[in-house]
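When the chains are written out, they are named A, B and C in that same order, and each has its own residue count from 1.
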């Protein structure tokens, strides 16, 4: 099996939607770290602890809460929300090293972000923004699909939308998508890739026809912003042919959808595929929301099926099998370079520490 | 995956209950050795042969008996009860090396014990005793649960009963169990660990209240004797507070249960978990027997679920992950040292043989 | 796990029955090479291409045909029947290296043969013959069973028919089969083994009694010809005791069955087990055909069950476990030597290439 791309560890990752975590123990593995989450009764904040008791490695997520403390389900070792041990069975003295890791967590834009790497480097102000997810005047549908494939396959997939024509033909793909040239910009400083595909005169795919009512040919823009490693946003604008936003940014003829993905590695060969679609039109129409949800989930699941298959193919192949890249892969290859650099930079401080 | 503790091979292990083996071929793997058992028609003794035909490795357990001989189901190689081959197809001459291993076996205390190591070292007189299993005036319930975990996890589990409070809370655990200090003795000579937890004034857990009728606070003794590697006995005595056995050993106010485990490795990461409960009260009460059987099986299965989970956790971790041991682990750590020494001693003669 | 026998690659293998392949994409792995097959609309010929898109390794068999071209289901890379790429998305220029391997294929005797090795060495005239499969005056029943075992276990199995008595007792085996001595000839030049077992006066097994009406003792010949690595034919003749073919080859009292096997490795530890039975008597009797089909399939499945079991046994054993071979194994051992030599010879040119 070819070695999967390692994870940059000193990065913010989406761990969950805020609504997923309440006052029950909730287990999720992020970047191969098993983690137990819960929201405290006292402050309502999200706690994230290493999901293995220091005593005999029992999963704390298989245990129970006593107030805001976790009581290990095997021998009763008890931890507070900082990961410190406050009780051990059969003795008064609590060993000094009895402590599990507590991970920095930030709640923002309806997401729970987690920092897996060195806690001293975690800067809450640097958490990426995804403001459309809960912005006034917008509405959002969303989901999370488990992907049995390495996260780099999903990055590849999302950074090249020409696959829409083939994998999602009859859904969101039309011949124009594959045929329209793309422009790719890489901002090495910001760790970011922009891929734009702007179709001035294109067919309206069934998905958009159904949700917007536009039946004729359209102007269709797909502007991707990928912030390595985790956050992907596709700014989608469709409008009648010839229509452009006004100088002040207002865009009454345009229909805007913000397609959000958070690409969070679970293990080296599996991924949490968070997805959401926010829109600024028909925001109160529950039927359209239901349609967008169903429709987008089907598209995501088409990707999941294809990438799961691809992971099995790759896992069986020897290291070093060649791929053949073409123009459409410019964004994906740029993303790979960014990820590689993040890993190298992120690990360097650890390796050169005295 | 951390390397599992190896098996000491020159030891007696419980292979089965005597009632499990009749005049049909019966397959069980012991210490990674696939073995076929059957009881001969002629003498009724148990035969244990290596479960692989010498010809092309076909499992003899997938074959058939012709009288007291095993006829391989693939090409008909036929073995007598000593493992010697008495027929091969297509020729008269039987090759001198046509023989499968026959393992020493002893039936005692309703158990079939087997010796996997060097047969020359097998001493039938050294088979450990578990006399309560079929002693006059006692009654026994029992079972065997397959455990998908390395045997050392079950040894750990049984040598520290403080887990009763957490893993079996509402069953056999009460807060006193976790809080009562233990005394641990190690007899290096005998390869044995004793762990005692004596509660002078304790709550009566539901299990015992149901079976003995004692509703008030009780005196509760748990005296463990572990004979490495296979035999574990928990001598459990409960009695009204203040009651002690007489000087002559008689103990009319006490209720005695002998909780037996045989811990037999199946493979490096799976175990045959034999368990039995013998008691000296209400011995003819079938309802109580049924209750004790059901109840104890539930407790065993709680351990099985937890240890299976723990095996999966451990199997995913790199070698060398640290545990944190405290006082309650004294018995378990002593058992680990004994097992390590048995493996080293047991293998030494083989390594230094000329 | 003992290393499986490698595949000789510069050989013809049976990939399918001709009737299996139409104008839909059909995936089958041969000698660990994933391959997609289809019959062209234009010429009706069978095309065999490597089943991985050069772009991102997506399986072409999960794609669709556009006329005689394969359109990759992920990004639309399009291949013609020679494996050349004729379209890529988003650009006009097609990279020079955009090409998947096309494998030489021959249709003959109702079989599709494929050449996995160096195409320059593929000689269509050297494809082995199995003429009875569609010969005038004969009728054939057939099937293919997937075998979860290395192909060498099936070669062993078929080259020693003494197992009929034990594994297929009550079906095709009788005591005489195991007891009759065999003669074995090896033709190193032709890469071929002949094993003959001729019983002059034998019981008629139920299978033959049912299909031929012969109830008394019979003369029974089993002449095996194995052409390494793939083709196995058992020429079976039964006739009344004392009857022999005439000098001119005519044989009016004999009943002839040609039992065909093609032993095609799928992976190192799995095999496509093609089987067919052709006969020259009661050729129009559909009931007898149905009986022969059912009956032979049951026998094949008995082998499949046994060999799948054996593969699991072998996979768990360390390298170098000894087998004990006797006279009946002469043919099988000769076949192993031939296969070893084919592998060594077949790979030598590749290794010494400048």
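The rule is short, and it goes like this: contacts are C-beta pairs under 8 Å (C-beta built on N, C-alpha and C of every residue); 3 or more make two chains touch, one makes a residue touch a chain.
Remember, predicted model here, so these are calculated numbers, not experimental data.
Asker: For the copies subunit B and subunit C, give the interface type as same if over half of its residue numbers appear on both sides, and as different if under half do.
Answerer: Different, since under half the interface numbering is common to both chains.
Asker: Could you work out the angle of the rotation that brings the CA atoms of subunit A onto the matching CA atoms of subunit C, rounded to the nearest 5 degrees?
Answerer: When the C-alpha atoms are superposed, subunit A turns by 120 degrees onto subunit C.
Asker: In angstrom, rounded to a whole number, how far apart do the mean CA points of subunit B and subunit C lie?
Answerer: From the centre of subunit B to the centre of subunit C is 49 Å.
Asker: By residue number and range, which residues of subunit C touch two or more other chains?
Answerer: None at all.
Asker: Which residues, counting only subunit B, touch subunit A once they are in their complex?
Answerer: Within the complex, subunit B contacts subunit A at residues 156, 160, 162-163, 165-167, 178-182, 306, 309-310, 313-314, 317, 321-328.
Asker: In the complex formed with subunit C, which residues of subunit B make contact?
Answerer: 34, 52, 54-59, 62, 71-76, 88-91, 95, 97-98
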